[in-house]
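In what follows, subunit A forms one complex with subunit B and a second complex with subunit C.
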Partner chain A sequence: MSLLAIKNLTVEYPSRKSTFTAVRDVTLSVERGEILGLVGESGAGKSTIGTAVMGLLDAPGRVAGGEILIDGQDARSIANLRGARVSMIFQDPLTSLNPLYTVAQQLTETIRTHRRMTRAEAHDEAVSLLDQVGIADAETRITQYPHQFSGGMRQRVVIALALCSQPDLIIADEPTTALDVSVQAQILDLIRDLAVSRGVGVILVTHDMGVIAQTADRVAVMYHGALVEEGKTAQIIHDPQHPYTQSLLAAVPRGERKLDRFPSLTYQPDGAPAPQEMTLTDDWLRSKGKDENQGTGPLVQVRGLGMRFLTRNAILPKNRSYIDAVKDLNFDINRGEVLGLVGESGSGKSTVARMIAGIHAPDTGSITFDGQDMAKIASSHERQALRRQIQMIFQDPYSSLNPRMRVRDIVAEPIHHNRLSETASETSRIVGDLLEVVGLGAAAGAKFPHEFSGGQRQRISIARALATRPRFLICDEPTSALDVSIQAQILNLLKDLRDALDLTILFISHDLPVVRQMCDRVAVMRNGQLCELAETEALFEAPRDPYTRELISLMPSL
Partner chain B sequence: MIRFLIERLFQAAVVLIVVALLAFVMFRFAGDPVAQMVSLDTTAEDRAALREAMGLNNSLPVQFGQFVLRAVQGDFGLSYQMGQPVATLLAERLPASIELSLVAFGIALIVGIPMGVYSGLYPESWLSRAFLILSLAGISLPTFFIGIMLILIFGVELNLFPTFGRGETVDLGWWTTGLLTGSGWHSIILPACTLGLFQMTFIMRLVRAEILDVMRTDYIKFARARGIAKGRINYGHALKNTLVPVLTIAGLQLGSIIAFGIVTESVFQWPGIGLLFIQAISTVDIPVMSTYLLLVALIFVSINLIVDLLYLLVDPRLRVRSR
Partner chain C sequence: MNPERSPNLIMRLLDSDAGYKFRSSPVTVVAGLVFVLMIGAALLAPVIAPFDPFDKGSIDLMNSLLPPAWNSGGDPAFLLGTDNQGRDLFSTILYGTRTSVFVGAVSVSLAVVAGLFLGLLAGYFGGLVDAIIMRIVDIQMTFPAIMVALLIDGVTRSFLSRDQHDELAVFVIILAMALSIWPQVARTVRASAMVEKSREYVMAAQVIGRGPWLIMARHILPNVMGPVLVIATINLGVAILGEATLSFLGLGIPAGEPSLGTLIRIGNDFIFSGERWMLIYPGLTLALLVLSVNLLGDWLRDVLDPKSR
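Presenting the complex of A and B:
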């Protein structure tokens, strides 16, 4: 008998107008000690299956048909299902722990909910659990609060919490998506280890094919609420049968070789129009501002750049302590190139981007843009002219657009601000063209941001950035919040724009396969310092720095 | 921790000095203090002597210094109206106001928080809707109207509670309390309900909004997925996370009901500082008014300090920063 058997499960979200079917007629099973990978893009219904098994569907969602059996028993009739039989690991370790309780309080509370133990016994058990999930010095660390742990360590605490009740089945919903690649490998190893040594069944919900290839025994692929294909991991990865699986795998950026363009997802079963290719109709975008001096040499020169944050304040300067977010950084960005900036979280790569964009002022060193030292520009008029040429695209397309403004106003704002157009009708023509260029169509201007998906919103962000006719784009993890097929579209769009408009791009990412496809040269950062800077192919084929080698070896591959 | 405390105390002292300056300016320049104190037939020599005796001929910074020095020692001068030291007057009245405010505040917390938690957890239930309608009434009806209605219904018609005064009080030497006698408690209920109703609806709405937010967080979902009991989640995990904003608002509210319970005190003839202040205004009793100003500032500053310390108790993340 299977540990978990899901038979013909259908989950519906009824609303006043219509009923949305999130999961349609899905049949799955998980054995003890087995890891089932559940993949699909956002909206495919993979997380809904997990919450349905837990009985935690948010209202008004309901199980409209089918059965969920645990050891042959209907899950809904099991009294202490949650925790005791099935446990869950959430995506974001930074938000899944209660910030106001110590780790010990949260662990012992959970242990005592499920097992008859005295406070002291539960505490000992909690310490041993922390030890098992690989937290060193568990005895002292258990008394700390969640904010005193790093992201990877918090995910270990989350796993320890999920283990408190000795569950038979663990549903891990994107357990490593928020983590760095080196930490991701450790957490996946830990989950593997749990399945093998404790005989726990695991459902690993993820959108990342690389994670699945590394960890899962079997894979189930979902598309629009339905199961399209299921099989052994090796078979799915190397010999996918269903056209959706094939195109999904094709769209995963490869780390091992460089391609011209990102293969986009071609599977469109219900006749939805394929995303159109870009056409540049207007030459407004290409025309130059009169204040641009076309110099030679690198567009951006960074010399001795440093930035420190105060960690402990004191009245006497000698008692203050700082952390160097960026230390003595030197590099150039050549005209027309895409420079990749990679590193783990906390390596200082976003701080560098913010300093170049002028959001933070550097503590030491200088940034020269097109021959002008940015710190030495006295007049606000000149600074404004310079800033117009530098634009930034942020990671999260959900929070970087003002929800109360129409898209056309969002895109027109930088045009107004920089006085780039003479009349209102010209502005609206330019806005329409920009929206065409990024593939949304001029009609999108009348809508509000919430009417668009994540990928479409990132296109709006790009249109807004282009609205000042920039020469230099800073992209801070522009696709890490997006699905793989959408990611391919956005990255192709950026490539096309670069070619058509002679843009120079600083591309910040932790995703090495994407960087390999996207960038001409790559800079690797660690602890605020530059480890290595080389041509992309040279860096991936023959990394010189040991840290670069480590990062490349951890890169998940199919 | 100690550093943090010293910093906050220093800030509090700055606020108090600034308010003292305002109080001093009011005392010194709103009318001539001498003219207020003497009768019409006092001779010019006597007035000049009085002026000299009060130190009004010294330079202004010296006068301000003397004012602060006296204030620190608890000497706020004599009330023009009653001829008694202002400090004594306030000390007599303050216990009544503080007791009324604390009882009102207690009612607000004890009733408002559970109502807020309930209506945050079950926003769709009819009881939550009833709470919301009730709270809208509580916010929109003026205090004096509620007070008068309570007097009319419970005092006059049903004759359950006294309609004015504090009842019997017990003198503890430094504090006169009505909370040790039956009639004291009997008398405090109506004014406390009147004063607390607005606070209660305020706290209820705030807790409700915070609970709605907190219930959507991952750590609550995760706690539910671990099988933690519902009561522990709702009143432990969730409520504790709503406390920081609730403490902020509640602290400010407590300060304002101690200082500005004037309407309630007048309606119920409650012998507190609010009533004293009203009388001082109608008789232009400047020393009482300027001292009142200082007292209000002191109350707000102390409550804010306590709230800041409570933050540290509630939220461990703030402890690191303040270290």
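Presenting the complex of A and C:
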């Protein structure tokens, strides 16, 4: 008998005007000691299955049909199902521990809720659990508070917490999405070990095919609430049958080799038109401003760049303490190239981007754009002329567009500000063309940002950046918030724009396979300093710096 | 504009999310109706009211202290009875509501304008600007509205003649209420502005080269208006109550002019001599008005809260 058997499960969210079916007729099973990978893009219903098994569906969601059996028994009839039989590991380790209690308090409380133990026994058990999840010196660390642990360590504590009640089944909902790659690999190994050594069934919910390929025994692929394909991991990865799985796998950037474009194999079951290829009908975008000098040498030169943040304030300057976000950074960006800037969270890569974009002023060093030192430009007119040539695309498409403005006003704002058009009708024609170029169509201008999906919003963001006719584009993790198939489309669009408009791009990412596909040269940052800067192929094939080597070896691959 | 939507503006409003939340809560619907009815009656007081309480010629002392029309001894001409000066209570309540709503609306508007401006400055610039503005807010918050009113009242009394003072009384109350409300608005706006400032659309505007004033006006202001509207409605109730309190204490609106506060003050003197209607009806009006405003404020908060969507 299977540990968990889900039969014909349907979950509905009735709303005012219609009923949204989040999960449609899904049948799944998990055995003891097995890891089932549940993949799909956002909105596919994969997390909903997890919450339905836990009995934690948010109102007004309800199980409209089918059954969930644990060891053949209806899950809803099992007393203390949560904890005793099924545990959960959440995505964000920063928020899934209570900051006011020590790790010991949280663990022993959970142990004593589920098992008859004295306080001392529970404490010993907690220490041994921490030890098992790979926390060194568990005896002392258990007395600490969650904020004293790093992100990866905290996720280990969360896993220990899930093990407290000796569950049969663990649902891990995107357990490594919030973590850096180097930590991700360790956490996945840990989950793998636990499943084998303890005979626990695991449902690993994720959007990341690389994670699945490394960890899961079997894979179930979800699309729009329905299960489209299920099978052994190797079979799904190497010989997918369903067209959706094929398109999903094709869109995953490969770390092993460089492609010209991502295959635009987009699965459209309902016959919706595929996203159009870019057409540059108008030459407004290609016309140059009169203030651009076509010099030689690198477009951007960064020399001795440094920035520090105040960590402790004091009245006397000598008592203040600072942390170096970026320290003594030197690099060039050549005309027409795509320079990748990679590093883990906290490495200072976004701070560099913001300094070049002019949002933050550097504390030390200089940034030279097209031969002009940006800090030494006196007249505001000249500074604006320079700024116009540098534009930025942001990470989070949900916060980078003003929710109270129409799309056409968002795209028109840089045109107005730089007085790039003479009349209102010319502006609206340019805005229409820009929206056409990024593949949204001029009609999109009348809508508000919330009417668009994440990928479409990122296209609006690109249209806004192009509206000043920039020469240099800074992309700060432009696709990290997007699904892989959308990511492929956006990256293709950026490549096309770069070719058509002769753009120079600074491409910031933590995702090495994406960087390999996009960039001509790559700079690796760690703790605010540059580790290595090399041609992309050279860097990936023969990394010189030990840190780069480590990053590349941890790169998830299919 | 949009062909598939129903053409009628009212139908469209009722069909929107806000309209749906409004329709699906009977309490809100009743509060809305009461509010519209009372505001309408107050605005149309000169048309609806059977008597003009400011017209000394129409007041007859012989008619004083008549009970409501349905009681024995009541006169059908005076629906809710009369007060000690012989004024028709129904008419004075209508005019009184007018004064109260005027004081509430103007003082809240002033407070919102001041609070928005200073709150945006504090939230956007931070640092020293923030420190100075927020310390002023903290100091202001230590003074209760009544004390501020007493202070202003005392100061104005010292250099104005009695007639001038009576004329300006309404504005003393408005100023006092506005001064006691603006710190709340400023705090809310500052907190929201700090959140909005850290969003990437503000950064995008900075990259375009927009200056701080335009960013505040075009990008941050529209996004902090939601909480401000909620604070404003709830404080409309506070301001109306504040006016009533101050008038009841004899500050501000002179006894000769009807406001809900002055009416309650007069009624209070007669509560033990049996003429309870003089206290009950103005009091009930005030309670209903404030309650309906607060309930509408709750609804507005639900509608505008992005988390509840």
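The rule we apply is simple: the second predicted complex is superposed on the first by the 535 of 558 C-alpha atoms of A that agree within 3 Å, B and C clash if a C-alpha of one lies under 4 Å from a C-alpha of the other, contacts with A are read in each partner's own complex, and residues count from 1 in each chain.
Going forward, a residue touches a chain if its C-beta (ideal position, glycine included) is under 8 Å from a C-beta of that chain, and two chains touch if they have at least 3 such contacts.
Just so you know, these numbers come straight off a predicted model, no measurement behind them.
J.: Under the stated touch criterion, which partner chain does A:56 make contact with: subunit B (first), subunit C (second), both, or neither?
T.: first
J.: Between subunit B (first) and subunit C (second), which does A:402 come into contact with in this model arrangement: first, second, both, or neither?
T.: After superposition on chain A, A:402 lies in contact with subunit C alone.
J.: With both complexes overlaid on chain A, does A:438 touch subunit B (first), subunit C (second), both or neither?
T.: A:438 contacts neither subunit B nor subunit C.
J.: Looking at A:384 after the superposition, I want to know if it touches subunit B, subunit C, both of them or none. Which is it: first, second, both, neither?
T.: second
J.: Tell me the contact category for A:145 with respect to subunit B and subunit C: first, second, both or neither.
T.: In the superposed model, A:145 contacts subunit B only, not subunit C.
J.: Would you sort A:417 into first (subunit B), second (subunit C), both or neither based on which partner it touches?
T.: Touch partner of A:417: subunit C, not subunit B.
J.: Under the contact rule defined above, give the subunit A residues that sit at the interface with subunit B and also at the interface with subunit C.
T.: none
J.: Which subunit A residues qualify as touching subunit B in the complex?
T.: My answer: residues 54, 56, 80-84, 87-88, 90-92, 95-102, 109-110, 113-114, 145, 147-148, 158, 161-162, 164-165, 312.
J.: Touching subunit C in the complex: which residues of subunit A?
T.: These residues of subunit A touch subunit C: 16, 354, 357-359, 384, 387-388, 390-392, 394-396, 399-405, 413-414, 417-418, 461, 464, 468.
J.: Give the list of subunit B residues in touch with subunit A in this complex.
T.: Answer in residue numbers: 217-219, 221-229, 232, 237, 240-241, 314-317, 320, 323.
J.: How about subunit C: which of its residues touch subunit A in the complex?
T.: On the subunit C side, the touching residues are 20, 199-201, 203-210, 218-219, 222-223.
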